[in-house]
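Below, chain A partners chain B and then partners chain C, in two separate complexes.
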Partner chain A sequence: MKPEPARVVVVGGGPAGLSAALNAALSGASVLLIDSSSRLGGQYWRHLPETWLEQSELHLDLDTGLLLISAVANHPKIEIWSGAEIWSATHEDGAATLRLITNGVEKIITTKALVLATGAYDRTLPFPGWDIPGVMTPGGAQSLIKGNGIAVGKRVVVAGSGPFLLPVAAGLAQVGCEVIELLEANSPLRWLKSLPTLIQNLSKIGEAAHYIAIFNRFGVRPKFNRAVVAAHANQDGELESVSIAKIDSNFKIKKIERVKCDVAAIGWGFTADTSLAGALLLKQLVTKDEGVAVLVDENQESSIAGIFAAGEITGIGGSELSIAEGVIAGLAAAKYIGCKAEISNNHHKTRAKKQKFAKALISSYPVKSGWQSWLTDETIICRCEEVKYSKLKFAVTELGATDSRTAKLLSRCGMGMCQGRICGRFVVDLVANESGISPSDISEKERISVGNRPIITPISIELLANGE
Partner chain B sequence: MLTLLVKPSASITFTFNDLEVSAIPGQSVGAALLAAGDRVLRVTRFEKKPRAMFCGIGVCFDCLVVIDGAPNQRACITEVKAKMVVRTQVGGA
Partner chain C sequence: MNSPDVIVIGAGVVGASCALALTNAGLRVLIIDRGPVASGTSGAGEGNILVSDKEPSPELTLALRSRNAWFEVNEDIGGGFELDGKGGVVISRSETGIAGLKKLAKAQRENGIDAREVNAAELRKLEPHISPTIEYGVYYPQDAQCQPMLAAAQMIRAVKKRGGKFVQGENVIAINSKNGQLTGLTTNKNTYSSPIVLNATGTWAGDIAKLAGSYLPIAPRRGFILVTVPAPELIFHKVYDADYVANIASGEADLQSSAVVEGTASGTILIGASRERVGFKSEFEIPILRQLAQQAISVFPILKELQLLRAYRGFRPYAPDHLPVIGEDGNISGLWHAAGHEGAGIVLAPATAELITAEILGKTPFMDPTPFSPKRFMNQNPSAGVNVAS
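This part shows the complex of A and B:
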C-alpha cells in the first residue's frame, strides 16, 4: 500500500458531511468525501437528477442543499467518491483504515483525520402485519418522492410520532396521494412544555405553518393519541387496511377502528447509524430517546484523537444542527492535520442554540413502552430471519436468555442481512420486559452493543478476493 | 400506474421477470418497478411471504432482487440501467 498524503476523509454526503468537507477544504486541507449514495445530499437533501424538471417545490430546503452540493462538487481540493460502501473500519497507530467497495472494486485507504457523518434512518417498532408489502417507513415513502419522482400509493396513512411525519404527509399530499390519516401517537399537550424553546427558532415555526397550509389545502386533518397497531393483507398478501387505535399516554390501546389503505408510512423518529463508529470502537452514549450516539467533545472530536463525528450520529437533531456540527468538525479535522483553521465562539453558539431546540423536540415525542402490548405471539420481530415474538419470548423465558445478545443467538433475532439495524433497538426493550427489567434500568452497555458489528455491510467473498 | 411527478426526456427499458418495464435514468430499480405497478420484490425463505421496499434507503435489506444473475441486490438503492435483467428473489436465491 502506498503512503497516503495528509488529508481529511469525510464519510457521508448529507448536511453534516457536506459542511465538514467544505469547511475542511476552505481551511486548506485536501479532502476525500466518501458517500454511499449515487448523488450527494444525504437523506435530507435527496434529490432527482439534474436532467429532471422542477423539484424544489417538493422540498422546503433544497436550495440550500443544492448550493452546498455544488460548492463541494466544484471545490478543487475535494475529491468525491459516490456510491462507495465502507464495509470495514479499524484504527491503529494514529490512523484509521477504511475498506470500501466502489464501482464493484474493493479499495483500502488510511487517514489520520477522519470525519464521520453517517446520519440516521427511521426508527421502527414492530406490530402485527408490519411485514406486509405496503407498510413502510416515512423516510422510505419520502425517498420515492425526493429521489425518484414517484408517489408511493393512492390511499396513504402516515403514523408514528415526531415532527418528521409533517413533511412526509405534506409531500405525499402534494404529489397526489390521498393522505387519509395523519396520526401522532403523543398528545399535543407535550408541545406546550417545550414551547418557549420552539418560539426561539422562528424558522421552524415558519416551517410548521407551511405544512399546516398544505394540510388545509388537501384536507389532511392531523389526529393525536392515535397509532397504527395492526396491518391486514388482501388475498395477494399486500396491504388492504390498518387497525388504528386510540391510545393512552403510555401507548396502551383504548379503542380500535379499521381503515382501508394501500400504504401505511409509520416511523418513530430516527436511529443513528453508528455502525462505522462502533467498528472504530468510538465511545458511545445512550441518548434521552433510548437511542445511541457517538460521544464528542466541544470540537466534535470523538474518544479517539483525529476521528471526528457530526450530525445525527452524535444525537438526533435535524439538518440545521447537523450543519453546525459539520462546520466545526471540518474545521477541527483540518486543524488536526496542521491547517490554519479557527473555531470561533459563534460556531459554538450556533450549535448550542440548535442543540437546545433538538432536545426540546425529542422530549415532545417519546416512545412509550405500551407499544409492546400491540404484539401477538405471531408478530414478526426480526424481518430478515422471520422470527416471531413467541420465539423471542421462548428464548428468554424457557432458554434463559437475560440479555439481547444471548436472545439473538437463541432466537436468530438480528442475525439477518440488515444485521439488527431494524430490530436491534427494540429487541433490547422486548428482552428486558420479558426478564422483568424496566426500560430505564437497561444498561448503557446493552443498548450500545446492539449497534456494534465488525463487518459493517454484507459483502461478497468474490469482491474481497479481487480487491487491493 | 402511479403518477409521475416530473417528465424528464429520456427513458430506458429493462425487464422484470421477463416482462419489459420502462424507467427514467436516475430512478432506483425499486422505484421504477413500483411506478410500473410491481410492488412485491421478493418472497421470504421460510414462510414464502411477499416483501416490498420497507426502509427505502438501503438499511433493511427487505427489497432484495436478483439483478443480471446476482442475488441480494437492494432494489431501493440500485440505480436502474438500460437492459437490466431483474427477477423476484425467492428465498435465499
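This part shows the complex of A and C:
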C-alpha cells in the first residue's frame, strides 16, 4: 500500500459530515469526504431535483443544507466520493484503514485523522402486520416524498413517537396525501415539562408553529396517547387498515378502533448507525433512550486518538446539534494533522445549548415496554428471515438463550440481509423480558454488541477475492 | 440439584452429548457453563459431521460410529437441529493430490467408509456449478451436517426434560478433592458436590485440568468462516479441496487454508476453512478472508456473483497429537475429560459421549478408548504445555 497524503477523511455526507468536511478544509486540511448516498445531504437533506421549485416548502432549513452542500462541493481542498460503501475498517499503528466499494471497484485508504458522521436510521418496533406493504418508517415515507416528490398513498396514518413525525406528516399533506391520523404515543404533558429548554431554542418553536400552520391548512389534528398496534392487509396483501389503540403511559392498550388507510408511516425516533464505529472498536455507551452512542470527549474525539465522531452517532439530537458537533470535529481533526484550527468557547457553547435541547426531547418521547404486549405469537420479529415471535420465545424458554446473541443464533432473528439493523435493538428487550431480566438490568455490552458487525456492509465475493 | 451423580462443565456440543448419554443411562446430570449454551467453539463452526476427512485410525472408527449416533440422537430427542445427511464431495486438481485422494479413498473403503470415485461427468451431476477445471473427486454419502448450536441446545433441552439441570453464567473457580478423590467443584456463585466431574470445555479444557491440579496440553487453533447472503440452492453437498485433509493433520503454526464450501438450511453458503495457531487472537484479518474467497471461487466460480454477508471465527481445541482427549484423568480420580476434538468436535461428540458413559459405568465400550486416554500426557512436563497455549 502506498503512503497516503496527510488529510482528514470524513465518512458521511449529512449535516455533521458536511460541517466537519467544510471546517477541516477551511482550516487548511485536505479532505476526503466519503458518502454512501449518490448525492450529498444525508437522510436529512435528501433534496429534490433542483427543478422542483416548491422544495423549500417541504423542508424548513433546506436553504442551510443547499448552501452547505454547495460550499463543500465547490471547495478545492475537498474531494468527494459519493456512492461509496465501506465494508471493512480497522485501526492499527495510529492509522485507520477503510476498505470501500465505489463504482464497482474496491479502494483502500488509510488516514491518521478520521471523522465518523454515519448518522442514524429510523427506530422501529414490531407489531402484528408491520411487514405488510404500505407500512413504512417515517424516514422511508420522507425519502419517497423528498427524493421523488410523489404522494405515497391516498389515506395515510402517521404514528409512533417523537418530533420527526411532524415534518413527515406535514410533507405528506403537502404532496397531496390525506393525513387521516397523526398519532403521538406519549402524552402532551411530557412536552410541558421540557418547556423551559424549548423556549431557549426559539428556532425550534418557530418550526413547530410552521407545522401547526400546515396541519391547520390540511385539517390534520394530532392526537396523543395513541398508537398503531396492528396492521391489516386486503386480499392482494396490501395495507387496508390499521388498529389504533388508546394506550396508557406504559403503552398498554386500553381501547382499539379500526381505521382504513393505504399507508402507515410509523417510527419511534432513531437508532445510531454505529457499525463503522464498532468495527474500529471505538468505546460506545448506552444512552438514555436505550440506544447506543459513540463516546467522545469535548472535542468530539473518540476513545482512539485521531478518530472523531459527530452527529447522531454520538447521541440522537437532530440536525442543529449535528452541525455544531461536525464543526468541532472538523476543526479538531484538522488540528490533529497539524493545521491551524481554533476550537472556541462559542463552539462549545452552541453545542451545549443544542445538547440540552436534545436531552429534553429524549425525555419527552420515551418508548415504554408496554409495546411488547401488542405482539402475538404469529407476529414477525425478524423481517429478513421471517422469524415469528413464537420462535424467538422458544429459543429463550426451551433452548435456554438468555442473551440476544444466543437467541439470534438459535432463532435466526437478525441473521438476514440487514444483519439486525432493524430488529437487533428490540430483540434485546424481548429476550430480556422473556428471560425475566428487567430493562434496567440489561448490560451495556449486550446493547452495544448488537450494532457490531465485522463486515459492515455486504461485499461481492469476487471483489473480496480480487482485493489486495 | 447440588449433589448430582455427574457434573458436566461446558454446554457445547461435546458437553451436551455427554450429558444426554449419561442422563439416558440413568444418571442425574448437572451441566455448568460460564456462558450461555454453545457460546464457545460450538457456536463458531460449520456443523461438520464428516467421515471423509479421516485416514484409517482410531479416530475414523470413532467418527464412523458417531456419524450414525447423530441420527440416533436426532431420533431420540425429536430433531430440531437441521441434521442433514447431504453427503460430501472431496476434489483435487493436481496429479499428486488425485493420487493421494485415490489412495485415501481405497484405505477408507477397506475400513467401512462409502467412498466413491467420481469422474468429471458424475461430478457435474452431483454439483452442477463446480469449476470446469475440476475433473476428479470422491463422493462420500455418509458425510452430514447439522446446526451445532441448535444441536447443543436441543440436547440440553432433552436432558432438562429427563431430570437433568443446566446452570449458566457460573464460572468454575475450583475443583475440589479429598485424599486424591474428587468431591465436586466451586463456581463463583455456588459449591456443588459430585463424585464425578466431566471436563467438556474444549479449547479451555487445559484451564480446568490445571484448576484440578492436573495437566492437559490443549491449545486453540483459529479458523475463519465466511457466510454469503441467502441464495437459491447452488451447492448440494459439502465440497472441499483435498488439501483440507492435509491441513487438519498439520502441526504448523502458519496460516493454512483450503476451500470448504456448503449450503445451509437457511440458504446461506458457508465458506471455510482456515487454520492457524495464533492463540486466542480475535482480530478479523482481511487477507485470510480474501484467501478463503479466492479458494472458494476456484471451486465454484458462481460464488463470484454472491455477496459476503458476515464472517466469524472460532477457536478449535487441539492436542499436540491431534487426537481428542476422552477418558479419566491420570492424576485425579473422578475427573474425566472429553475435549480437544479440534475441527471434528461436532462429528465426534455422540460417540465420545458413548465412550465416556460406558467407561464411567464400567461397561465395555464399542471400541478400545486407549488412544484417546488423557493418561497419555501424564509423563509430560507441565511447563512445556503452558507454552503451547500461549
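Here, the second predicted complex is superposed on the first by the 460 of 468 C-alpha atoms of A that agree within 3 Å, B and C clash if a C-alpha of one lies under 4 Å from a C-alpha of the other, contacts with A are read in each partner's own complex, and residues count from 1 in each chain.
Following the convention adopted for this analysis, a contact is a pair of C-beta atoms (placed from the backbone, for glycine too) under 8 Å apart; a residue touches a chain by one contact, two chains touch by 3 or more.
Remember, it's a predicted structure, so these values are computed and weren't measured experimentally.
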| item | value |
| --- | --- |
| Which superposed partner A:Gly416 touches (first chain B, second chain C, both, neither) | both |
| Contacts of A:Asn346 with chain B and chain C, given as first, second, both or neither | neither |
| Contacts of A:Pro458 with chain B and chain C, given as first, second, both or neither | both |
| Contacts of A:Ser88 with chain B and chain C, given as first, second, both or neither | second |
| More chain A residues in contact [chain B versus chain C] | B |
| Contacts of A:Gly134 with chain B and chain C, given as first, second, both or neither | first |
| Touched partner set for A:Asn103, first chain B, second chain C, both or neither | neither |
| Contacts of A:Thr402 with chain B and chain C, given as first, second, both or neither | second |
| Contact residues common to both interfaces of chain A (with chain B and with chain C) | 416-417, 458 |
| Chain C to chain A touching residues, read off their complex | 36-39, 43, 149-150, 153-154, 156-157, 166, 168-169, 226, 228-230, 266, 271, 283-284, 286, 289-290, 293-294, 296-297, 303-312 |
| Residue ranges of chain B touching chain A (in the complex, touch as defined) | 2-10, 24-28, 31-32, 34-35, 39-40, 44-47, 49-62, 64, 72, 76-77, 79 |
| List of chain A residues in touch with chain B within their complex | 36-38, 43, 48-49, 51-55, 58, 121-122, 124, 131, 133-137, 139-145, 147-154, 175-176, 236-238, 273, 383-384, 386, 416-418, 421-422, 458 |
| Chain C partner contacts - residues on chain A that touch it in the complex | 88, 90, 99, 385, 395, 398-403, 405-406, 409-410, 412, 415-417, 419, 453-455, 458-462, 464-465, 467 |
